[in-house]
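Next come the structures, one after another.
Heads up, the next two complexes both have chain A, just with different partners, chain B and then chain C.
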Partner chain A sequence: MTIVLNGKKEVLEQQKSIRDLLISKNIDPNTVVVEYNGDIVKREEWANIFLNEDDVLEVVRFVGGG
Partner chain B sequence: MCDKLVIGDKQLDSRLFVGTGKYSNDALIPEIIEKSGAQVITVALRRIDFESQTDNILNYIPKHVQLLPNTSGARNAKEAIRIARLARAAGCGNWIKIEVISDNKYLLPDGVETIKATEVLASEGFVVLPYISPDLMIAKKLVEAGAAAVMPLGAPIGTNRGLKTKELLRILIDEIPLPVIVDAGIGKPSDACEAMEMGAAACLLNTAIASARDPVMMAAAFGEAIRAGRKAYLAGLGSTAKYARASSPLTGFLDEMAE
Partner chain C sequence: MLDSNQQLRYSRQIILKDIGYKGQEKLLKSKALVIGSGGLGSPVLYYLAAAGVGTLGIADFDTVSISNLQRQILHFTRDIGRKKVDSAEEKIKNLNPDVKVIKYPYRINAENIEEIIQDYDVIIDAVDNFTARYLISDCCYFMKKPLIEGAVVGFEGILMTIFPGESPCYRCLYPEPPQSGTIPTCVDMGILGAVAGTIGALQALEAIKVLLNIGNTLSGRILSFDGLNLNIREIPWKKRKTCPLCGENPVIKELQEYEIKCKLKH
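So, the complex of A and B:
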């Protein structure tokens, strides 16, 4: 299954929740915000949303800026 | 003396806002915030790079300050609104600095798109601080759109060139019934001091601090300059004159012949 993660194609060997995907990428879920197919999804929902073919995920966080 | 800067639901003692970009080492940020006395700190929002992850910037920002995320990277109102909503979802408050830029040479803001984004975000309950060119009509429309302050530039972002737009800033300060916060271009503490003497409500500094040889000491210098300029504004500057006006009495000179 292929999804689009932060603008890049990402192949998933098996279906995963958003939360599991982040953990597999060594991301602390408490430090990021997620947009799933164009909608912001709350952190509490990440474990219940399972990614499907062609889903588009944006994972963002704060960085230094002026 | 009570001289608070009121923005949204916040009362601020410090009139220095500090950005967190361009530091050689983000670990400097806590000391920069402390020494500057800043209570409002800007950050940007970006995609995570899964290949090279960096430290979480929030680890370096004390919890008691007001976070002011910007919408940098937005080229139109729609993108700015999207970034603002993502920033609010991070759970660090509802302040947003709208920055809509499609000019990559001078990084000048798009006033029309900024007004559109301000209308939408203010109606969604954001405390909106738009980055603008110091244009009176744009600023007036931002007041109507529900902005909490306006943030005109002194010179293009990151140039350290000072208050090149001084006359236009003066007009905004005179005419706009919102805090006018000078953002971008300030290079020296004396520039910030001058903006405050003119009646600016606050200044936002990033490059001038980050590019100093000693950023922590420069942060302290800006804090002092801004306090001095604010005090001078409140004290009321004396008038200027073309010719000399003696400060010492013009009577009682030693060589004078008594009448």
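So, the complex of A and C:
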């Protein structure tokens, strides 16, 4: 299955939740916010949303320095 | 009216059809507040001062230290130990005597921020911590002040322009602060000066566009900058219905200060 992650195509071997995808990418879920198919989804829902073909995901890190 | 020196000084931007003589007069009458005069605040202040933004407020409680100098280009080696607002004022005055500088040499907090920002046309967030960012963004929302949000860490940066009530707010991006101890933003994570310079220059550009009401600002979208791979992306971003600040059932109705600790490098 192919999804779009931060503008790039990404092939998933098996269906994954948003949370599992982040962990497989070595992204600590506490350090990002996620937009899923144009909607912003709450952190608590990430483990329950399973990605499907052509889903579009934007993962934005917390950046706060200056 | 611009005097003959001003007509020469600003000639390269007066010639721009989106600015012109009227735009320059407007800039000279405008007031911008830059909170933080470090890695982001330095380029923001330089460019706003050079462009002739007539009044620049600078809020920074800090003093210059040697480790600031690889990125905070308003401050020089001889300024070590000086208050950053004083060092910044000197450079700005030398660059452009047209600019009036108002200094706030103390830490902004829930008690003083409203009074500080009330007189300004645009606010530029150039601070180095989330506590101040939430305070600034909430206050700008309550006081309906346009806000230019920019932040950097490592080789990365983000940018967004916020028109309170109209475009997504800071909390539509980050509803609540990161969990204490999870985010590496502090001193030991590192930052390259040119990365802060890039985002700061873009913040100055956005501020000038907001002041002149020209072009398309970065509202309703986020710019994500990855300097190491030189990848710049624009991410469309919507208002969050559940936003705790500007959503359908807001829960934040007054200013609050979070205590957020950064992750320490081990």
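Basically, the second predicted complex is superposed on the first by the 63 of 66 C-alpha atoms of A that agree within 3 Å, B and C clash if a C-alpha of one lies under 4 Å from a C-alpha of the other, contacts with A are read in each partner's own complex, and residues count from 1 in each chain.
Note that in this section a residue touches a chain if its C-beta (ideal position, glycine included) is under 8 Å from a C-beta of that chain, and two chains touch if they have at least 3 such contacts.
Given the structure is predicted, the values throughout are model-derived calculations rather than measurements.
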Touch test for A:Glu35: chain B only (first), chain C only (second), both, or neither? both
Check whether A:Ile27 is in contact with chain B, with chain C, with both or with neither, and answer first, second, both or neither. first
Once chain A of both complexes is superposed, is A:Glu58 in touch with chain B (first), chain C (second), both, or neither? both
Chain A residues where the chain B and chain C footprints coincide 6-7, 28, 31, 33, 35, 40, 42, 58, 60-66
Would you mind writing out the residues of chain A in touch with chain B in their complex? 5-7, 25-28, 31-33, 35, 40, 42, 58-66
Using the touch definition up top, name the residues of chain C that touch chain A in the complex. 36, 38-41, 125-130, 133, 150-153, 156-158, 172-175, 178-179, 182-183, 185-186, 189, 191, 196, 222, 224, 233, 235-238, 240, 242
In the complex, the residues of chain B that touch chain A are 19-23, 26, 29, 42-50, 53-54, 56-58, 67, 69-70, 72, 85-87, 89-90, 92, 157-158, 184, 204, 206-207
So, in the complex, the side of chain A touching chain C is made of residues 6-7, 28, 30-31, 33, 35, 38-40, 42, 58, 60-66
